[in-house]
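Just below sit the structures, each encoded as structure tokens.
Each of the next two complexes has chain A plus one more chain, namely chain B in the first and chain C in the second.
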Partner chain A sequence: MKFVKTLSAGVSALALLASAASAEISDGKVKIGILTDMSASYSDVAGPGAVAAAEMAIEEFGGQVAGAPIELVTADHQNKADIAANTAREWGDTGQVDTFAELVTTSVAMAVFEVAKQQNKIALVSGAASSPLTNDACIPTGLHWTYNTRALAVGTGSAVVAEGGDSWFFLTADYAFGEALQKDVTAVVEKAGGKVLGSVKHPFPASDFSSFILQAQASGAKVIGLANAGADTINAIKAANEFGIVAGGQSIAGLLVFLSDIHALGLEVAQGLQMTVSFYWDMDDETRAWSKKFMEKTGKMPTGVQAGTYSAVRHYLKAIEATGSDDTDTVLAKMREMPVEDMFAHGGVLRTDGRMVHDMYLAKVKAPSESSGPWDYLKIVRTIPGEEAFGTLEESTCPTK
Partner chain B sequence: MLTELLGFPPQVLFGQLLLGLINGAFYAVLSLGLAVIFGLLNIVNFAHGALYMLGAFAALGITQYLGLGYWGALIVAPIAVGAFGIVIERLLLRRLAGVDHLYGLLLTFGLALVIEGTFVKFFGSSGLPYPTPKALEGGVNLGFMFLPWYRAWVVVASLLVCGATWFLFERTKIGAYLRAGTENPKLLQAFGVNVPLLTTLAYGYGVALAAFAGVLAAPITQVNPLMGSNLIIVVFAVVVIGGMGSIMGAVVTGLAMGVIEGLTKVFWPEASATVIFVVMAIVLVLRPAGLFGKTA
Partner chain C sequence: MNAKIGYLIALVLLIVAPFVIYPVFLMKVLCFALFASAFNLILGYGGLLSFGHAAFFGGASYVTGHALKVWGLPTELGILTGAAAACVLGFLVGMIAIRRQGIYFAMITLAMAQMVFFLFITAPFTGGENGLQGIPRGTALGAIDLQDNLNMYYFVLAIFVLAYFLISRTVNSPFGQVLGAIRDNENRAKSLGYDTDKYKLLAFVLSATLAGLAGATKSVVFQLASLTDAHWHMSGEVVLMTLLGGLGTIPGPAVGAGIIVTLQNYLAKGPLGGWVPVVLGLIFIVCVLAFRRGVVGEIKAMIRKSF
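Moving on, here comes the complex of A and B:
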């Protein structure tokens, strides 16, 4: 009897030990859930390319971290906040997902923030751009990686004002992102002594921009600022071209333009456009090597959102590797402690308001004669230091910073 | 006077009216195709937007690989896509003859998702550029606005096609058969007319109209896999307002809705995506059969 007791005590002690070893990694695996737009307006900007980028980060770890396998699940949120929130909730409650990643479209990111806050899970935002995500709408576990509307305003907005574009008219996508972008650019323009003559809010997504372009033309503003993204930006630039906006002396400022947009427009139409980017494939040997691999996988060059997804997922996994745990608070603390160091960001700092601060770049679209072929589209004009782009932590209005 | 009251200079208003008319031309051609199909097949063709997109992609392919240019594409693309429509009708839609409308709607909706999904997979969501034909580059300054020649051409081409369709249906023998087929297909068959063939041709023609609109749209918007999905719902509202199956109704309502939408873009831009549905709701309450529909 005594023997049985001792034996059972020994067995349970062993069992306890074993479970203690793997308890650090919940459910014995690290599961990353990518919620992105796989089929609509932003699927070229993020979408399947963002999934591929996350896979590349996971491959770097050999599919394993801290002795546990890494799993990736993906879902198409169709730019709808309710679909995104429901999927995230299900993933978190019963799907054993440890972190939500990518999250393009502001309304989606905000809805997922709500779920991440309730479930105390990390949200790695790459595609959504609105600066409120690390200000008024911030959550302790929400990390904003790639860029934000403030950085875009500081980059493109300032550059355009400096060239004499001191009166603006906005074409703004009628949802949280468009509003945030217009607000941030307006602040930059007014600070530099320029003024905003008016704006028009267009439905998202919109297919015909001729009416809005005509209203912008009638405003007499020197600059027509496009506070939209993806297919909307492409169609607005096309309409501006068709209705002779530039020939008439006004200029177009695309406030959020992606490499995929330039590819779709063609250099003939897009040349001379200024854009603020978080990443360009042709910056140094590291970015070129990574992008070449990405190209082999997807047939396209990466956008900043896709490269940022890679960086965010990689840094998350690095923190798990370093701590041997996937506990949210432990990982988060480690992610903040370690500088973000990869081909996307050098010495990137993750702040307590959730902002990942790294350098941004002002770029100009090449003329067809300057380009050596497909994807050779940009020249980097200026490096915008991280703090100038994103502001200081003191300026952040995040209540939990 | 009125424009001053509303706080908009007349130039802006004229410009918007014209732009509304241009967009209305697209609505007219698309809803015309839908009306033809509904009239003959009693099918609510939800694949119409996808077929419109196919027209634009066909134009791109024809221009790039067959070297026929825009004008060639304007003729060949509708024929090619129309032929594809005939295949759909023969292989799939035929099997749904005689069952509830809902089945046709679901089948064509599914088809649209498959076609669009496949194109997004291969071409992405940003679309591909299609150059404006050389002969129609540039534009003319009308005083109140700069009118690109191409947009003017869109209106002319659309009205010509709508006119030709009206003539075909209302003034020719085939048209008489088609209308008879709508009223009483069994009786028509008894007179020795090949009704199944008529239905197939009507579907092919409706699809060709969608493709034609797609080719017209290609130089204006990107050739984008999703270009039809945004448009199709609006076009359905137009058909409902005009009266299901009414040819004249489809054309007139298409143009009118374009204008109403255009004006909304000035006075209340945020509502421009909704205004047509508001009109639809009002029309359904007051005249359930639509403005031009025959009350049963």
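Moving on, here comes the complex of A and C:
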């Protein structure tokens, strides 16, 4: 056992030497780990595009911050919490990763939160949507950037009820995100005087929605709310189309729809759909310029999740630049102090419950005749102020806020 | 004698390993090695192909997770609770399954495991797709902090060595001999007066319990119990590990588990990321076509030939 002791003493001495070399930036570099879905249901929403967006943020800094190089590592978590947790743990233990970013899929984000809490590392959530991430399930170092289910409910939910859709039936993805979305929308619908007739949970991911659509049809509800996302939403809308749901007088409310989904469905099917978005490429000169660069890099226009990943990584790097340190608490304090100011958010505020509060937008999908070409899909109907979309800090049930 | 020296070298290597290799990865290998060894007990020595062992592996990980997180049991007791649950489940499944042989046995175990899987996907305490997260590692013997990866590693190693010893004792006992006789010719074993059903059931329960022990330990290591552990893919993976390492040899499944887990871990990071299942499939085909005795089986045969 003496050998072991000597060995470990030697190793820790070496580690001390290494850390003395650059006191402020740990290991002499800033390392960002992107954990995302590279191949499955959410790969169009986040995936390679989110990696490209993070690369764009790093390129803006010239690959260096506070005199240290910025490194990016990525991994495919396949939407499985165990794979994500293992990868994050290994990155933190042996890979010198300073922050975990993107984290689409709520179960993944929650699993990585657990690791981030233990290792005291920052988690920049962009793709996962559940509002509990900054409420009951919050952690001090977990930041929720792009949107959440509450904002989606306030946006799409109220808009649909206002148009007379006062009885709902939910098709819900059977995991934390689906539940959170259904719960938040139910609250909005009931507050507006509507009622929820029922719901059916479908496995995640699912490919055959026929039986669920038939149940929804039989419920007689005016609105079928899709509390799912990505490929599930696309498949559900396609199935609804085949069963003639809309022709039969019921309407579909996609509660989390992305630009990539509209692109996949086509305007013929998707026209008239209302959606709440955190970002749309065609809003002003800044967004257009950024999105054009993104398009050149990836061949697609960015989704909100991808733009949000850019914004989060950029803000994180800006805080390191301002403080000259990559220490978690120092960076976190600086990130909260500075307003988030970029093409994604103007005057965004990072709250102590982890929520990044910024304006959201209610959009309507254009009819084919209104669209001038590929990717010209949305018109912004309303800007939802940040407080209205995300609620106030007092409303947050995060215990460490 | 040779085997003893071999085991001693392996043990020393395992003790030194965490200073060279990432301990959490090693713990994963150990958990799967134990799982595959437990599985080998029923396939390699009992001749029964169970296609539902993930139910015991995953079931125990959920029970342990729940026991540690919600009931707040000490770590050792939590793991034992998980193994005990797998034991009961193994008894129930075994009672029904051992009445049939061959493909029917495999199908019954698969069907039962799917039922258990459905239970886990719908039961509220498992957290559905989210899994059971944030399982506390706690302390070993009330004093050693298991949050430290190195301490946790030696804790897992101790469990593995004990269970491995138990398996090798079982195989080399009179009970193991009878089991081998049943595998080779059940009718003859019956004619000799052995109550073969009883032997098969006991072997099945033992295998399920140890598979549960592996699952329980894994859930503590990763602080997570998820549907992946209970999915039928897991049942298939353990068959692959056992066949690749060497069916019916004691160290074989552990070696096979080591190979598969290493491949999964390191391939996933390289350019072959999305191709892991294809690579594993190819390896399986090569294994079945070219060296059917598995890695350890082939080495054994080679030694036998050359001496």
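Criterion: the second predicted complex is superposed on the first by the 380 of 401 C-alpha atoms of A that agree within 3 Å, B and C clash if a C-alpha of one lies under 4 Å from a C-alpha of the other, contacts with A are read in each partner's own complex, and residues count from 1 in each chain.
What we mean here is this: a contact is a pair of C-beta atoms (placed from the backbone, for glycine too) under 8 Å apart; a residue touches a chain by one contact, two chains touch by 3 or more.
Given the structure is predicted, the values throughout are model-derived calculations rather than measurements.
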Give one word, clash or fit, describing how chain B and chain C relate on chain A after superposing. clash
Given the touch rule stated above, what does A:His144 touch, chain B (first), chain C (second), both, or neither? neither
With both complexes overlaid on chain A, does A:Lys334 touch chain B (first), chain C (second), both or neither? neither
Figure out whether A:Glu114 sits in contact with chain B (first) or chain C (second), or with both, or with neither. second
Tell me the contact category for A:Pro203 with respect to chain B and chain C: first, second, both or neither. both
For A:Ser39, using the defined touch cut-off, is the partner it touches chain B, chain C, both, or neither? Pick first, second, both or neither. both
Tell me which partner A:Gly244 touches in the superposition: chain B (first), chain C (second), both or neither. first
Winner on chain A touched-residue count between chain B and chain C: chain B
Which partner chains sit in contact with A:Arg355 here, chain B, chain C, both or neither? Use first/second/both/neither. neither
Based on the superposed arrangement, let me know which partner A:Gly230 touches: chain B (first), chain C (second), both, or neither? first
Considering only the touch criterion stated at the top, classify A:Asp174 as touching first (chain B), second (chain C), both, or neither. both
Chain B region in steric overlap with chain C, selected from 9-17, 45-53 or 99-107: 99-107
Chain A residues touched by both chain B and chain C? 39, 174, 203
Per the touch rule above, chain A residues touching chain C in the complex are 4, 7-8, 11, 38-39, 75-76, 80-83, 85-86, 89-90, 93-94, 106-107, 110-111, 114, 118, 174-176, 203-204
Quick check on the complex: what are the chain B residues that touch chain A? 9, 11-12, 15-16, 19-20, 22-23, 117, 120, 124-129, 132, 139, 145-146, 148, 150-151, 220-222, 224, 226-227, 230-231, 262, 265-266, 269-270, 272-273
How about chain A: which of its residues touch chain B in the complex? 39-44, 47, 174, 200-203, 205-208, 210-212, 214-215, 218, 230-231, 234-235, 238-239, 242-244, 248, 260-261, 263-266, 269, 300
Partner chain A, residues of chain C touching it in the complex: 16, 19, 22, 24-25, 28, 121, 127-131, 133-134, 147, 149, 222-224, 226, 228-229, 268-269, 273-274
